[in-house]
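First subunit A sits with subunit B, and in the next complex the same chain sits with subunit C.
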Partner chain A sequence: MTSAFSISLSELELDALTELVNLGVSGAALSLREMVHEEVVLSVPKVAVVTREQAIATLGEQESKRLVAVQQDFAGDISGRALLIFPETKSMELVRAVVGGNLSLEDIAELEQEALAETGNVLLNGCLGTIANNLQRSLRISLPEVIYGDGAEFFAAIPSRESGYSVLFIHINFAVRNRDIRGYIAMLLDIPSQLALKDLIGAFIERTTGQVYVPSSNVG
Partner chain B sequence: MIQKVLIVDDSKLARMAAAKALKALHPDWVLLEAANAEEGLARVRDSSPEFALLDFNMPGKDGIVLAAELRDLNPRMSIAVISANHQVEVIGRARAAGAVFLAKPLTERALGDYLNVAVEQRSAATE
Partner chain C sequence: MSANADLAEDAILDAVNGGLIVLDQDARILRWNAWMAFASGHPVASVLGKPLTGVFPDLDLRRLTTAVRAALASGASTVISRTLNPAPLPLRTRSGRTLLHDITVSPVGERSGAACLIFVTDVTMATRREKYLRDQQNARYDAIVENAPDVILSIDSGGLIQMANSAAVSQFGYAMGDLIGKSSSLLFDTAGDWSSMLQAVINDAISFRSCELIAVRKDGSLSYVEASASRWNIGSQGFATVILRDVNERRAVDAALRCSEALARNAAIALADLNQTLEQRVDERTAQLMKAEEALRQSQKMEAIGQLTGGIAHDFNNLLQGITGALHVIQKRISGGRIGDIDRFAAGALESANRAASLTHRLLAFSRQQPIDPRPVNVNQLIASIEELLRRTIGETLQMTVMSADDLWLVRCDANQLENAILNLAINARDAMPDGGTLLFETANAVLDTGQARSREVKQGEYVRLVVTDTGTGMPPEIQARIFEPFFTTKPIGKGTGLGLSMIYGFVRQSEGSVRVDSKTGKGTSIEICLPRYRGDLEVHAEEVAGRERRAGSDEVVLVVEDEPMVRVLVVEVLKDLGYYALEAETGTAAIRILRSSQRIDLLVTDLGLPDIGGRLVAEAGIATRQNLNVLFMTGYAEKAAGSAFLDGGMEMITKPFSMDELAARIREMIERN
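After this line comes the complex of A and B, so read on.
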């Protein structure tokens, strides 16, 4: 399949999407803060709509090591898959931050899957929920699944969505106080969902600014 | 009295939202816009606004660092830091920098309440 097709978003649409992500991630960070009892420091999110190949290349350039991801599928007016991705070496650090520092390595290894799934669940649900609320739509969100691999494996075709899709790639650094935990959030959206998202963003811009918004053309 | 309100936010949408809320609350007030901290500092130097609304999470200098610098530049200006990130540490740092903390997305009501209180405090201070 080819995934060269992607929708084009105008500057203001991308700005609005970045604001939505910012709201979502900030809300999620507040939840993560409750779990780790330390301040979660966030960078300014960078949002880009890229092809699957570009997303794999970007991730490959920045991360040479194996990655771990928590993925959740969502369905509704917009359907797709959300992933929280971080280098595998940082995942233990994240687990340690969540479960506390006094556990042995064996205990942590045992808890790793569960802690990662729960952390991913909190962050992704918080993020998706806030975005959906602001777009005035509801999403059904699946249970989290922890996967290991690289970008090519994470962004492999979603079964039953062979029509092509692109990746909404969100790069955000989050750090738990002095712990070096770095992560990315990515969303895979098929073409009907991308078009629906563009429409919903247009409506969000109108509500936010109180001005009529004429969208840019759909395909770039 | 006509007042000048500066909004510093890297998001154009957020600046448009602030403009909408301010226009509804005080149609005759003047809104000054800046897309980053340096532009914000320049607007304060050349226009001396009475109020500054600063986004916290911006590329370059963040809104809390900017608040402290603006406070030095113009001690009488009322400053609010706006962020969706309302962790207690962020709110605490904003207050320590002499700023009021407002949650993002900024609602007309929250902006109105903040401006009313600030105007009252200003007139009480000058009496």
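After this line comes the complex of A and C, so read on.
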């Protein structure tokens, strides 16, 4: 079943990936700090590669149905879609955290789309860019778009890519102005991109450790 | 790239209604369109080849620089909106005002790192329009919300406060900035109630009205609020607007009211308790009082009985003294052979004995157990016969008047008792008039209607009315109410037994009549006796018999049944004196044996109270075999025989003690009638 297909990462590979994500997220935190002129703390408690169904199930179990996401597509050696996902109920909070000040609810509501887009944009660019830089691969990353829906809608197959997708599922905590908001970064990757990612991770490990890295298997 | 193409490209770039900057891989300006030149005030010639920091040396361009670096290094596209970045570049509109703008930074070319495009969009008009609309809306909104005395909060579906009015700030004590974004459940002591209410409002769109909650202020103090909430939406997001009304004052008033109500209630309960206790105490006291009264009555009775028996004993002693004294003298005269004036002493003894008999009559009348001997009586004649006695009794200081009605009806009663009653009333009247006055006796016929009869507790019909009126001291109501009670007397000890009026009452009621008192203090007393009319003739001979003594024939046989030997001997002696033949029986059984024999018996004289069989049964046994047998009962105590119903035809009764003459007269009468 193609939809259940996903790359299998070894513990070392997963550690390397987590490290990459952490690098990306801390870059994003710096960018956000520039933006909001406040201390911004981003942390990544968990990274996992799951099937699309698992990702949908995880979101369905842990979050309310209504979700909001900032979505950016990327293309290059690896292609796919990156999403920053929050429960819809937290989006105002996120915007208020980023914007600060005593803005009225109406003002916040008005700013919400743009602020969400820009915040998500900074975070996703940070992650994707850091990964791309460290993997020494170039990507083209689109402008952000804010979408509402549930996990199933977010992870619907990208029509132009027929093959199965996996989801690199990153739990993320976002703390600014005494507000702590929990969310997810999800990267939908098609099979070639997953294989490329695995190779790239291997290369990253070799560069980082100075040793030849032989992955146990390509696909699990 | 040809010059034409270059020109065409520049012309296109210059025609775009927005700012376009193209940076090369070293982030130096490669293109700068006309819009940018105008808005920034920097002509294209002055900026080409410079980095952005060279064009805007005083600006903090870190955000833009990062975006450019990301685009060149990783092919990332970036949005820099006016929302989060007010005036990223110092741009002016044609009229010289600040130009509001959004910026996007994107990589250019297939391979990243070659160049990047900065695109600037003018959003001044749109922003101004939005601001105008919002300000207009806010003005109306603020007028309501900010001036509202109630706390108004807008809360998102996550329970976070998104809007608070100034009343919220003063009510809860938090700064506005602290309130916004705060979890609303932290504002409530009753957080559970609050959360479920909020969930119902936001998820199920149920509006709440007047739900009371306890809020917590920043300083930890509690505040009672009445919450109402309703849902509204921004886009797909649900919000609740909650209005919290301060009800502390109202609660305090309510509490005070409840407190006073509770006090009133407790007071009412206490009062009810008190009442109950009081009732109980009254009951107890009443019971005690009744007990005390009963004890008092009992002791009064005992005292009265003491007085009475003392008086009676005294009287009896005197009488006995007279009798024994006379008998002693008689005995001595007989033994001495001097029998000349023995009659005088015998008469004295008899008189004493008669007075003793009268005394016992009175006692029995009081106990209402005296066998009455009713006969037709003319009240006028009776009064006339004792008038002289009455006058002597009341003395000379009082006037006595008798007003007798003509054609007065006869009554049927015991004449002796009626005499006694009249005498008693006369004596009472005399005592009530120590300083003189008038005593009036009136007689009249009276027909009592239903009402008059009922007030006298008698049957309606014809009565003879006797009224005895004095002009004496009279009686207050409380004494009037008691005058018929046995032993009740207002006289000093020794002057009266208190039996007079009660004896009258007993006699009159026994005769199916009535007695009433009408008296006022200082105005005298009037006592009315009503006795039922007797429709019949006066039996004149009854009066005559007593005095005469006639010797009868010698063959009539009389059976005497009496267990007391002395009485039996006396009766037999009387019979022998009368010339009758007497048979004696000591018991009822013996009497019945004789009655069932063929022995001639003209009259049965029997005691009612025999030790074996009662006199009444003996009489019945006799009548069973001898239908025309006449019976004379003798009795000294005959409660059951007191009414005339006891006596059938041919039966009569004589009450002990009786005189020998009286007995002789009755026996003779009965035998002769036969």
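The working rule: the second predicted complex is superposed on the first by the 213 of 220 C-alpha atoms of A that agree within 3 Å, B and C clash if a C-alpha of one lies under 4 Å from a C-alpha of the other, contacts with A are read in each partner's own complex, and residues count from 1 in each chain.
Here is the rule we go by: contacts are C-beta pairs under 8 Å (C-beta built on N, C-alpha and C of every residue); 3 or more make two chains touch, one makes a residue touch a chain.
Here the structure is a predicted model, which is why all the values come from computation and not from measurement.
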item	value
Fit or clash - subunit C, subunit B, common subunit A	fit
Arrangement angle, subunit B at one end, subunit C at the other, subunit A at the vertex (C-alpha, nearest 10°)	100
Touching partner for A:93 - first (subunit B), second (subunit C), both, neither	second
Touching partner for A:81 - first (subunit B), second (subunit C), both, neither	neither
Contacts of A:138 with subunit B and subunit C, given as first, second, both or neither	second
Touching partner for A:171 - first (subunit B), second (subunit C), both, neither	neither
Superposed model, subunit A: greater residue contact from subunit B or subunit C	C
Touching partner for A:182 - first (subunit B), second (subunit C), both, neither	neither
Touching partner for A:52 - first (subunit B), second (subunit C), both, neither	neither
Minimum C-alpha separation between subunit B and subunit C after superposing on chain A, in Å	15
Parts of subunit B lying in touch with subunit A, wherever the complex brings them together	10-14, 16-17, 19-20, 57-59, 83-87, 89-90, 104-105
Touching residues (chain side subunit C, partner subunit A) in the complex	62-63, 66, 70, 73-81, 83-85, 102, 104, 106-107, 110-113, 130, 134, 137-138, 154, 156-158, 160, 162-163, 176-177, 180-181, 234-237, 239
Touching residues on subunit A, where the partner in the complex is subunit C	31, 34-36, 64, 66, 72, 76, 87-93, 96-99, 102, 104-111, 114-115, 117-119, 121-122, 125, 128-130, 132-133, 138-144, 148, 179
Subunit B-facing residues of subunit A, complex	11-12, 15-16, 18-19, 22-23, 26-27, 29-30, 33, 39-40, 42, 44, 134, 205, 208-211
